[in-house]
């Protein structure tokens, strides 16, 4: 039996046999969206579990181990608890925006997942401006945070939201520019193309020094993008209590929480795709088995996710002005110079290719 | 364009924030009324009394033996030193000379208390600036000290091991071994504190030049303990008014002159090293002898006033007892270090950001029951 | 060049910090510092001096050592101990002698200071090492330490 | 400086000071309320005494008098002196504030006001510190009664 990995096309072909073409393509989109939603809701929950386990190991603890074997059902139980919880809110909150905010955050992070090539042709939406789409989508999430903080009529939440606005606008630049540096190498924004180019060597090797610098900048800016420690100014529990989601409870809080972890996954997935060859195996050892690409893709992504967790459980938090100093005085100038260096390297053909 | 017009066009508005009584950074039920302009702090006004138990009033109806256990509940992280302060006051009033064994054991336990308190402070300090993992490393080492206390005194936090006239009972046979084990363990772990947090560039940026307290202000505000010493003010009671066995050990008073949050941090780290050295000097030669001097079942202090200072982990604790010759004190006043240290919070936090306030407050090392006696 | 050396030093300190947590991550298999309470109830042993609650040991003849001298009641700072006593005839000497009817201990008021046990001249009350003292009902915290029908051991005088 | 030298020096500044050394390990100065601020200022700024460290400020109810006890130490000379001030006016006891001399007095005086009802002139922010604004009475006074919350042994 031949399992084709191009899921959208497979489903569409199957549906066309039963109904008109227009209806079929819409239905196919809905089905794929539901599949993604289901997979990543669960994946998000397991990322939460992973975070808690990793944190526990860093902190000489055991971590969740009561629900299910080895605590594997812990976050499921948490999700159940959150679903069953009462949705509270402040009286003077702007009800419409207050309720809208979590959906902004969760939808924008789920939308970004559509473009990733998990393995050869296993991609819901192979858009030719993939990187551009990702950058655009990831900055929508901050609107949700701003709305949530502003509309909940709580000063702690408001400070958190304003910090988030400042932070995301600043670090958006660095994420964009560091990815742009790599696009100079590939010459394409399409993610499947970018992976294709890396069959001659992962981009971090192809671009050597400027690529490594770009990766470091990307990791710093990406961590800041997801509002995780050491850049968790938005939540900063020792300063703002819980920051922008102070007034959220139950499932609305869960959306924020889940979105944070899916965003972390997205940032790591972009890094995998752009710097570490996506679903390509090292030295092409499993080239004949395309479905193993999923394993390689997830493996690389999880390593980068782990790196971000390592940051979080080691470093103290920056202060808001230092956060901006880091971006505008260090990351941005270095990044601009780096682009020029990369351009020269590509122009002189100094890239390393196998 | 005239710059003053530009300034007047841009109006910023101050607003209030209630930090506490339930807030992660206030470490208890302290409420701070913050006046903030954007992120800049304009005024900090503490609101106290959420856990005031009126210990001073309770002391007026209790006998001298019974006062001691109340002091456990003041600064619960240096409860042994608090107990010692009351006992020393009563013993001085009765002119009782303690056996050497009592003095040495009290000193060792005091220093262990200090290390335990600073371990907790270090963990919480890291947590306040955002490094959550430090909390567990600090607690790991503190647990070992708590075990020592539990084995000898029977309690981990509120031990009530001192009584006027000595110690309640002798130390546990395992005490010396356990303490030595701990010292050996802690000597390997304390450098880790430095590599993990002290050297960290983010941590240094967060703390250096933040919350500066000059020496003059430190004295005027009655700052004591590490807070005063970080401003270059030599205020170690163990040096200036030695009690128990502090006159027979050599140690350096940790003094920094910068007066900022980082200096306060370094002073506490340095103090842990000094405490290790004090314990090492004493642990091998605890003199033999009694651990109690016989006192009357009902202690009556001669008419008069008695004052005793000790150095707790937070600073100078003063016990002021006015006696009229009866079995209860007429008036007991505890001069708690946290209370004076809190009064300077407004001074050092104004002009900083919210994050700076949290960092400075962490290095003041406030224990709220100590303030709300 | 200060700009670049700052960056270099900064990254170096961050990496040394990560090495510390990384080391603990790798050695986390050796065991956690936390305890698996309440799973370890069977193995969890308190130190022998641990102050759990005040109890009055009785021997096999249902005899305790409390003479009802009330020194513990006086020593207690919080009024946790109340002794209801009576005078009864001593069987051996035939004289009237103080004996306890009830030794009431309010665990809810107790601060575990240990003054009562220090004050007791006959070692009639001691510390127990139990650590789960919470109940659903406050009245259960008021305990009568002497068992019903118990009497003072012969030969115990204050 | 020894207690005796201190006594000689301080008594030359202000007449009618009462000195006492018995029943206390420190030199006690009892000063009239009207001279309090003058004496305290002199104790702080005079280079021979330079009592720059106010380490304890306690209110005391001596029955019938109310008073405040100041424990002062000099960080330069390391000598200690105790200043006491008393008034027999229980309805409206007022002293001068010393928080312009020692900043720490601001909180300590608020505490004394809270528990003893002693008011301080020129205090920048004299209001209840621990208790609520609507609390009646001053708990650390000896004649304070609260049948519900106080347990008398």
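Note that the chains are named A, B, C and D in the order they appear, and that numbering of residues resets to 1 at the start of each chain.
Basically, a contact is a pair of C-beta atoms (placed from the backbone, for glycine too) under 8 Å apart; a residue touches a chain by one contact, two chains touch by 3 or more.
On a predicted model such as this, the values are computed, not experimentally measured, just so you know.
When chain centres are defined as mean Cα coordinates, A lies farthest from chain D.
Rounded to a whole number, the gap between the C-alpha centres of chain B and chain D is 25 angstrom.
Distance between chain A and chain B, defined via averaged C-alpha coordinates, is recorded as 45 Å. Once the centre of each chain is set as its mean CA position, chain A and chain C turn out to be 52 Å apart. With each centre defined as the average position of its C-alpha atoms, the distance from chain B to chain C rounds to 26 Å. For chain B, residues that reach two or more other chains under the stated contact definition are 62, 133, 136-137, 140, 196-197, 200, 202. Multi-chain contact residues of chain A (touching two or more other chains): 58-61, 313-315.
The residues of chain C that reach two or more other chains are 14, 17, 20-21, 24, 33, listed in rising order.
The touch graph of these protein chains has some other shape, matching none of line, ring, star or complete. Pairs of chains meeting the touch criterion: A-B, A-C, B-C, B-D. Those residues of chain D whose C-beta lies close enough to touch chain B in the complex are 22-26, 28, 52-56, 58, 60-61, 69, 71, 75, 78, 82, 102-104, 106-108, 111, 115, 129-132, 139-140, 150-153. Across the interface of their complex, chain B is touched by residues 55, 58-61, 155-156, 159, 229-230, 232, 236-241, 313-322 of chain A.
Interface residues of chain B, counted against chain A in their complex, comprise 15, 17, 23-25, 39, 126-133, 135-137, 140, 196-197, 200, 202-203, 205-206, 353-356, 358. Listing the residues of chain B that touch chain D in their complex gives 48-49, 52, 54, 56-57, 61-62, 92, 217, 219-222, 224, 233-235, 240, 302-307, 309, 316, 318, 320, 322, 331, 333, 335, 339-340, 342-344, 347, 372.
Chain C contributes residues 7, 14, 17-18, 20-22, 24-25, 28, 32-34, 36 to its touches with chain A in the complex.
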